[in-house]
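The data blocks that follow each hold one structure.
Note that chain A is present in both complexes that follow, paired respectively with chain B and with chain C.
For the complex of A and B:
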């Protein structure tokens, strides 16, 4: 296990660092609750007004929304400002001086960035949605347990898959900085693309039928659509396994792409400044 | 002779031959129309950062590497440390080509870029050290020994639990030096390690570098704009200008190539007296103080002093070299560096 020592150390150091931002986590928690409530009301109004049978039941959508609010920060929608800074001022040179695999090294950084603040936010939000709401007489809007043990366990696995996938996508945006230097462009494009195609804005099954094939064949759905529908049972356990495999295939492809691009980027990289 | 040259090239810790680096930069045209056409068609021009440099550095040397801004110092250090690929030429460090065997190479070197830190901004110093221990896979016993020694020599004991962002620049630089040496490299690159430091911190850093080189035999390559660093530390000085090595040798030899001039400063008893000497030139005169420039190959200091003492009553006198800044500036000017 000595091989993984540097990467483990990086993840743990970044966790210690990112977990310091408790005020930000609290502010995030309030925002997520607020948005969660608004989204629930919109969906409830939509379901009440519709006479057709929808591809997801209302309780399934409620689960989907709460999980979405809890794991919002895990989406690869922004660039790690610390990384962007490093590329801008040239401190990235120090990373090139380390006896480590550069992709794995930066992947460890990005993994901590994607998951540490999310953990800080997801746990209290989960408690709120699971335990507090029913006591306030809002049981039908609360986050219920998965329908079976199998769904629960598979959700756990696919959540890990989502984290790996999100980090691989984050890596691609980070590597693009080696060419563009400025993070401004990516920071504007990514939220729009990611939130829509992951299913964060509207659950993917609610999109028109003619879009479904395209939606199924893109990597972003592995971030939200797959794990959250496994949790609610909307994707039954036997199909879930297949979905998790497809998450894994996407992770493999994107990591490969990231490695190819990084090898090119690092060769042409001119470390900024004297 | 050919045989001994070959032996030297095997023994040298750093071998650089005809090293060249050219950067390709997109040319921007002026004005709005220029910006628009630039989107469609770009023209590039090549900027030579290194125009074929040669040198060798032996184990345990302490070499100053100086030159004006943009001369190619940092480019050289980046190539030697393996983070930049040269356009042409040969470069070996410990028998390894830095950018080709990056992983093997970086285990044996330490680097400090004075303007940037390698410590984790929000973590206490000691935690940065722990992360580096894992990154370099330093065995526990070695880490214990190295860190204890560095903490003692650089007086870091009090700083270990403070987050890096709260350290003063001098404290940070000392911590950065320790961070670069935890894995016990035999070769250390220091890129402007004293930049921005106060006098006390500068002296502490210099003292440490000197000791590291003398007692541990670590090879040090030091780039700096602070000539006091060079005077205090370096037996050998490489001067680079416009991508070429313009001088390589001891500080004394460097002085000699530019000018042999020395200064004799005399305080006269009588401020009204006029000093005239055929072999020396009066450069400055303030009241009773006279500053004379002379060439010791024409007249020895002792002769000059006795001649002046014969004619004038002298209160005090001393001889000095022109300041090293003056020499370097003359050297840059000689190579047409000041018009960049």
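For the complex of A and C:
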């Protein structure tokens, strides 16, 4: 167990630091709620006007939207400014000297960066959507419980998978800095790619049928589409297991790719002096 | 001070800012492209929903595209011009730099408006314009002088409205020091909601964006007038043509609020 101590320390230190910003979290909460409300009203209007059956029911989309608002921060859409700074001013050299596995060390950093602010946001937003909305007489817009225990438990597992996947993708963008130095490119392109392919713009099953196969075969759907549809039961528990395995396979592939690239990048890295 | 002289000075600010941004050409292009992509994917979502559902009540995709394109062009203009107010808390209040602005013999509004002319917002503007032009070519609308002027009037009114919201956000910083992210719900949230016809929203939400923040007056009502259809909310045609004026009124109110806020400014002293 002692082997993991440095990585655990990194995660907990980041958590404690990020939990300091409570006012920012409150502002974020209000923003997410407002955003969720707009999305709900738009989708509901589409459903109200339509008579055909859709690949997702409206209550399933409601779940999708609330969970999307709650776990928005977990998406790998940006680069940790602190890390970018490290690469820019050359202090990345210190990390190379540490007697730890570099990939695992940075992965722990990135994991905390992805999950700490999200916890702060997801818990209050979840409480609001689960407990407060029904009391305001808005029960049909509330975030209900999963349809079965199995769905709930599998959602938990796939959420952990999503966090691992998100961190693995963040690592790839971080490692790309070893070549590009500037984070500007990645920070501009990633939000567009991630939000579309994860399912944050609209739930993936609502895209046209001819796009579905392509959407199925890309890693980003493991971030949003898979866990949220498991929660609502749109992906039934027996299929969910398969989906979670494919999430795991993607994590494995991306971690492997990250390690290969990091080994290469670290070898030819030119440390910026200063 | 004469208005003409102010405008000349402002033009100088803009020229300088553009020249500065074009020094980093690659960074500028990347930023503009990023804006284009990030805001453009929203329309991908709109398109996909129409592909799936066919119609949104009585609204078709090209009709909604007019709402979408117009509000995006509008917000891009306001966003490009208001960087000084947008960054006010961080750049001027926290650092105490606002003291310097107060010492200069020109209005603070002019100086902050001239802070930066954010050329990269052209990314959002262009994608909104493309959607708007596409919609205009598909729709069966006769482009009379009156209609084209209504388009321009609503862009002007809308730009004023969003500029006003950002000035209001900056005004709040006199008390809070930090720039309040919560105001983003009104700016970005406003853009998000005005991309669809207001008629589809909950009545309380609609009232808020008509009577408190007159967003519907610069997007929904004029667009209904431009499309030349009967408004499901029942507004008369003359109101649709006058409505964007409320955006200008809103900005005036925000500037009055700003002047009043300045009186309450205490420097952070750093």
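Quick note on the criterion: the second predicted complex is superposed on the first by the 273 of 274 C-alpha atoms of A that agree within 3 Å, B and C clash if a C-alpha of one lies under 4 Å from a C-alpha of the other, contacts with A are read in each partner's own complex, and residues count from 1 in each chain.
Convention: a residue touches a chain if its C-beta (ideal position, glycine included) is under 8 Å from a C-beta of that chain, and two chains touch if they have at least 3 such contacts.
The structure displayed is predicted, hence computed values, not measured ones.
Visitor: So, A:245: does it touch chain B (first), chain C (second), both, or neither?
Guide: Neither partner.
Visitor: Report the partner of chain A that touches more of its residues: chain B or chain C.
Guide: The partner with more contacted residues on chain A is C.
Visitor: Please indicate which partner A:206 is in contact with in the superposed arrangement: first for chain B, second for chain C, both, or neither.
Guide: second
Visitor: After the superposition on A, what does A:98 contact: first (chain B), second (chain C), both or neither?
Guide: first
Visitor: In the overlaid three-chain picture, which partner chain does A:8 touch, first (chain B) or second (chain C), both, or neither?
Guide: A:8 sits against chain B, while chain C stays out of touch.
Visitor: Between chain B and chain C, whom does A:132 touch in the aligned arrangement: first, second, both, or neither?
Guide: neither
Visitor: Could you pull out which chain A residues touch chain B in their complex?
Guide: 2, 5-6, 8-10, 13, 16-17, 20, 89-91, 93-94, 96-100, 267, 270-271, 273-274
Visitor: For the complex, which residues does chain C have touching chain A?
Guide: Contacts found on chain C: 27, 30-31, 33-34, 37-38, 40-42, 44-45, 48-49, 51-57, 178, 180-182, 184-185, 189, 192-193, 196, 200-202, 205.
Visitor: Any idea which chain B residues touch chain A in the complex?
Guide: Those residues of chain B that touch chain A are 23, 69-70, 73-74, 78, 81-85, 102-104, 106-107, 109, 111, 113, 115-118, 120, 122-123, 127, 130-131, 133-137.
Visitor: State the interface residues of chain A toward chain C in the complex, per the touch definition above.
Guide: 23-24, 27-28, 30-31, 34-35, 37-38, 41-43, 45-50, 54, 184-185, 187-189, 191-192, 195-196, 201-202, 206-208
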